[in-house]
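Presented below is the structure to which this report refers.
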Amino acid sequence: MMTTDNVFAVLLVVTPLVCAFFVMGLHWVDRRWCYPLAVIANGISFISAVEILISVVKHGTIHYRLGGWRPPIGIEYRIDLLNAVVLVIVSTVALVNLFASYNDISRELPEKKGTFYSLYLLFLTGLLGVVVTGDLFNLYVLLEITSLSAYSQIALGDVRRGPFASLNYIFIGVIGASFYLLGVGYIYIMTGSLNMADVAHLLTRLHYSQAIFVAFIFCMVGVWIKMALFPLHIWLPNAYTYAPTASGRVIAPLMTKVMVYVMIRLMFTVFGITYLFKVVHISQFVVWLASVAIIYGGLMALSQNNLKKMLTYIIVSEIGYMVGGAWLGNKLGLTGAILHIINDAFMTFALFLAAGNFAYRLGELTLDNFNDIFSKMPWTMAGFVVAGLSIIGVPPTCGFFSKWYLLLGAFAARQYFFFVALILSSLVNAILFFRIFEKGLFGGGGHHVSVRGEIQEAPVNMIICLGLISVGLVVLGLYAGDIVNTFIIPFIPQGLG
Amino acid sequence: MKKLGLFVTIICGAILLYATGEFPRWGEVRSPASLHVSPHYIKYSVEETDVPNIVTSVLADYRGFDTMFETTVIFCAGLACFLLLRVFGRDDELTPEEEKGIFYRHLPTGIVIQFKKEDVEIRHKDFEVVDSKLVPYDLIIKTACRVLIPFIQLFALYVVAHGDFSPGGGFQGGVIFGASIILLAIAFNLRSAIEKINEKLLGILSALGVFIYAGIGWLCLLLGGNFLDYGRLASILPVDPIRARALGMLGVEIGVGIAVMAVMIIIYINIASAGRHDEGL
Amino acid sequence: MQHIFQEIMGKYNYWLYIVLMMIGLYGMIAKNNLIKKLVGMNIFQTAIILFYISIGYKKGGTLPIIEIPHGHHSISPAAIDIDKYINPLPHVLMLTAIVVSVATFGVAVAVALKIYKEYNTLEEDEIRMRLRER
Amino acid sequence: MEQIYSIRPLIAVLISLVVVPIIIASGNRPNWREAWTFLAGIIKFGIVASMVSGVLKGHIYYCRLVKIAPGLSIGFRVDGLGLTFALVASFLWIVTSLYSIGYMRGLDEHSQTRFFSFFAVALSSTIGVAFASNLLTMYLFYELLSLSTYPLVTHHQDEEAKISGRKYLTYILSTSIGLVLPAMIVCYHIAGTLDFTHGGFLAGKASPLLLSILLLMFVFGFAKAAIMPLHSWLPAAMVAPTPVSALLHAVAVVKVGVFSIIRIFTGVYGVSLIKALHMGTVIAYICAITIVVGSLIAMSQDELKRRLAFSTISQLSYIVLGISLLTPRGMIGGIIHIVMHAFGKITLFFGAGAIFVATGKKYISELDGLGKKMPLTFLAFFIGALSVIGLPPTGGFYSKWYLVLGCVDAHQIGLLIVLLLSSFLNAVYFLPIVFRAFFGSPSDHEEIGVREAPKCCVIPMIVTSVISILLFFYQGVFYRLISIGLKF
């Protein structure tokens, strides 16, 4: 039995953790080593993530029993395709961002570098841990690590607004986490177990219990708060806008996606489809909520004059995509949702990378500063265009294909409102981005004359990272079919319409 | 906002209470929670881990992984406080006291002198500049603390070391130890506390503490077991696997103790002095 | 009526803690002063902790430290009566939860301090006003 | 009738994409840059032409790139129709690049490198649409074309260009995302595939009502076909430099729209199904309205390029009308009109551009007497006009003849009258231009030294006009290609 435990499963999480401590120590000894060590740690977890994905595809689900205790007694890592894919996404994005953010950090936090990298690694650890764990309470603890490091990174951002945004995030985040904890508590009272698989097994007897229903509602609401689904999204735009560039770039794409993952995990692994779509009848409601989120996010994005704010509202509407897709209750919808987790992580990451490059040169990101940007920062803009097209959903970028599956699912599930919302959001995104492209192509009023002379292309490493990701968007698009067949279809639970 | 808050709370409360109907009564011996997993802990804790304090055995062994991250959370908090608050060098704006005049402390006696005239300057090894709020000087408190603190720290060590057999453990012990230092900082002043145990040391200790925990986990990994599988330590310790588990727990508890102690102090000194590391409260 | 009364009496712990939670939640949402919000947050989290702890309680159970008879070095599982010791798991979980809430509180206070440095106030509406006018 | 796996279609599409980086790289050495463009164009045309014989033998070249889901893939498939379109487009690219060298250098336009690179991208997407083997691939390249033409349309980067560019994108993108995409999704959902098959794959898959709605969504969704009321982007897009207007708005873009509609008719629905739905007549009459109204507006335009634009709008509807007659001769007439109109209209645009380069004149009222100074230009213009009007001895006659026959077969006397009427209108708004040029008295303030435009501008014009005369005599290959494509 021991032999089946895959070492990478634990290396993945523990390496960045331990290195975080080393980085912290080195901060006091010799700061030059902090950055390389952080990169190495992140690299190792990336490699192990890839290893895990490969072995999951080859040999199926991985189990790892921490402390060597069997599941319900001890904590267990249980990695199936879904976690494996998300793990790869998380570690990739974090790694690329680490490369991209060297300049930002040395500019924004000179004498706290080491500690910042340590915090960054802890954030990474938290995300990976959340994704990899198979234990409800362990998930909560790691969620808190992630949130704590996110809170403090955001508070480090914009001096005037950062801390306030962060504090609001703390309040709402704590409410979300506590709701989730309460939900787990209710589950524990009724079942006496915390291991996901075990709970799932025990719940089959308790489908019609009110307590379990309440537990379900509270877990869901908690997760929705953390992922900022429409009415619960208030904290997100400010928090992500005023975060330091280096952090915002990784928090914005990953935090929400990981929470969506958690939602899907709870829905389909813990509670199971019979419970979701036969017993509790809230799917209709959630899909409507998601549709509203999509439209609302789009419209709010239209009304923004700051690029980063705009992007954050786009995230709000993208969350609507994934939640709606997951709750459509058919194969196509879920496929679309999972595929969109993959694609959207990279799309938003590319957008934020581009925004980072702009911020590095332009400072303020108000849209007027983008006049004639094409000629000033051609490469960055090229990457930005690809990312934008992908968000709009223009083939062959990956955004199109996830949207394709979502639309199919919506039509198959007869959720026409969701269908329309998706189409509308494509149109709105088109307006959003072409507004910027147009500014970039035409001189416009020239509000930025003072700086215009000085603006030049962003540093090479940032450009390379952006280029890498935006090429990746097209590649992901072209291989969408294979991705779906290898990674997603096998995960889809049986009996889903 | 108030109305909304009231509405939300009432809804939540109603939902939560509605569900309690199905709960087992309070103290019900046959509740699912006490029948499914926990019996295993109660029955086999001693046999499997040789630790009679079940809470400790579950905390540090059965669910040791949780605890490692719990320590990490603490570490993270310390890190965050440092990152957010610490300001290096004197920050420009002067506190009202400083505008009033310049304070000097006579180190041997600890008496603080205030000069109304700005131009005065004392260069003497017995005097140090007090750059912020004036701290009331109280002999009784100081003396009392001087006597108390060693015992507090001794007790802290006991709590850490004896966590296997009696209530206690790393967290409790660490907090007590940290409290002793904080008491020092309150009774005397922050600067003299920082002299005793300086920022750099604290930073390294906090990292070290958690690292001890994770390191023991790694050791088990290297010895061919799963992560945190203390049983494997038997191959390097002169004891049998069961006892090795107990010792492993002791080790991690010590790690936790160090980390918690360090972080408590970091948080205190940063928040108390708003990151300036001067007189403090 | 009788039934309901017994029902409530039997589970008054849950009722108390849920009410406490809601007080905390209300504080977090409705209060205007950030520190008051923080206090509300603490109440909320503490209530949850109490809630969990009360799950573990068993009538007539003692604290979960196995009493090893004198003279023996160990005790066989068969000799241990489960009902005698209260459920240790919630205590463990809550140790973690306490630490988490302490940590969160620490960070929150640090952030609040930063805000205070910037605005010299902790009244939310004033801060929002300042933000709007700039 | 055998399927041959071949990467030729793929190369034909990619060649001009591949050349883009080279063009950018050699941006500061114009001659090299244009040389590369030519090379790509010639290779492209060569590859396309090399497939003619095979297709005439009844072979079909196919090449699948990626498979996304069962019945959903990205791939190419060369049949008669696609090949016809590709031949025209790829040949005219060569001619146009020659012309645009003359034009761009003659006016020394800014950022020519960008111009040529996006031109190349636009061409590959055009060929992509022509060779697309299924709806998805077609949609992909359709969008790519819209995006790659945007910088061309707004080339001048002034306020006017900005506004018309906005209009262009608004019409094209909103229709393709808002109408085509949903329609495509629904098709895939009800039919489980998107591969073009002769006779269509939708027959009997859904209720007639739904199918009719979908059909209309497609017809209007491909707004590049400029069927009224979705036509007004076309005149706006005329702010682009003339080569762009010439190739893209006489050949590539608009014909892509029409071609997509043809694919919908033949590959997705199939003639019989549309007959059953009785949608042919409806669409035919919508086109008829477009034809007449377009011609009438054209008459009222004084700016030469705008007049050409509106005539394009009405001519496009000829093609769609021909298809929607659903009779063999009508459909052949419609499709072959793609060829004829392409050559005729591009000649006219070249003429307009040449006049602008030589004299800087945009308005018809200014052209009096220019014919004597620029005889070649106006001769070519005249021939082009004849071809568009549809008078012998030009290719235009041939296609219109078939359209008329198609109307007769379909017993659509109303449409017959419309066709004749609009041909008359064409004559009314084209011939006066030539007449003014040759016989009009030159305006009093006489410019001296107005001469023919640069050779690079004149030669292409002559080539195209000669070809549109030749097409009157030798159009057999296109006829056979199309009838193979339509399996008549």
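Order as written gives the chain letters A, B, C and D; numbering starts at 1 within each chain.
Everything that follows uses one rule, which is that contacts are C-beta pairs under 8 Å (C-beta built on N, C-alpha and C of every residue); 3 or more make two chains touch, one makes a residue touch a chain.
Note that the coordinates shown come from a computational prediction; the quantities given were computed from them, not determined experimentally.
A.B. asks: Write down the chain pair with more C-beta contact pairs when B-C is set against A-C.
C.D. replies: B-C
A.B. asks: Among the chains here, which has the CA centroid at the largest distance from chain D's centroid?
C.D. replies: Between chain D and every other chain, the largest centroid distance is to B.
A.B. asks: Determine the centre-to-centre distance between chain B and chain D, using the mean Cα coordinates as centres, and give it in whole Å.
C.D. replies: About 76 Å separates the centre of chain B from that of chain D.
A.B. asks: Find the geometric centre of each of chain B and chain C from their Cα atoms only, then give the gap between the two centres in Å, rounded to an integer.
C.D. replies: 18
A.B. asks: Approximately how many whole Å separate the CA-defined centres of chain A and chain C?
C.D. replies: The answer is 29 Å.
A.B. asks: Nearest whole angstrom, what separates the Cα centre of chain A from the Cα centre of chain B?
C.D. replies: So the centroids are 32 Å from each other.
A.B. asks: Find every residue in chain C that makes contact with two or more other chains and list them.
C.D. replies: 21, 25, 28, 55, 89-90, 93, 96, 100, 103-104, 107, 110-111, 114, in rising order.
A.B. asks: Quick check on chain A: which residues sit in contact with 2+ other chains?
C.D. replies: Chain A, residues with two or more chain partners: 137, 141, 144, 148, 151-152, 155, 163, 182, 188-189, 194.
A.B. asks: Could you list each pair of chains that touch, in label order?
C.D. replies: Going through each pair of chains, those in contact are A-B, A-C, A-D, B-C.
A.B. asks: Quick one: which bits of chain C touch chain A in the complex? Just the residue numbers, please.
C.D. replies: Touch residues, chain C against chain A: 21, 25, 28, 34, 37, 41, 44-45, 48, 51-52, 55, 89-90, 93, 96-97, 100, 103-104, 107-108, 110-112, 114-115, 118, 127, 131, 134.
A.B. asks: Can you tell me which positions in chain A touch chain C when the two form their complex?
C.D. replies: 137, 141, 144, 148, 151-152, 155, 159-161, 163-164, 166-167, 170-171, 174-175, 178, 181-182, 185, 188-189, 194
A.B. asks: Which part of chain D faces chain A closely enough to touch in the complex?
C.D. replies: 65-69, 72-74, 136, 139-140, 143-144, 147, 151, 154, 157, 162, 165-166, 169, 173-174, 177-178, 181-182, 185-186, 188-189
A.B. asks: Which part of chain A faces chain D closely enough to touch in the complex?
C.D. replies: Against chain D, chain A makes touches at 389, 392-396, 401, 404, 407-408, 411-412, 419, 423, 426-427, 430, 434, 438, 441-443, 478-482, 484.
A.B. asks: So in the complex, which bits of chain B are touching chain A?
C.D. replies: 15-16, 18-24, 31-38, 40-41, 61-66, 69-70, 72-73, 75-77, 79-80, 82-84, 86, 88, 200, 203-204, 206-208, 210-211, 214-215, 217-218, 221, 225-231
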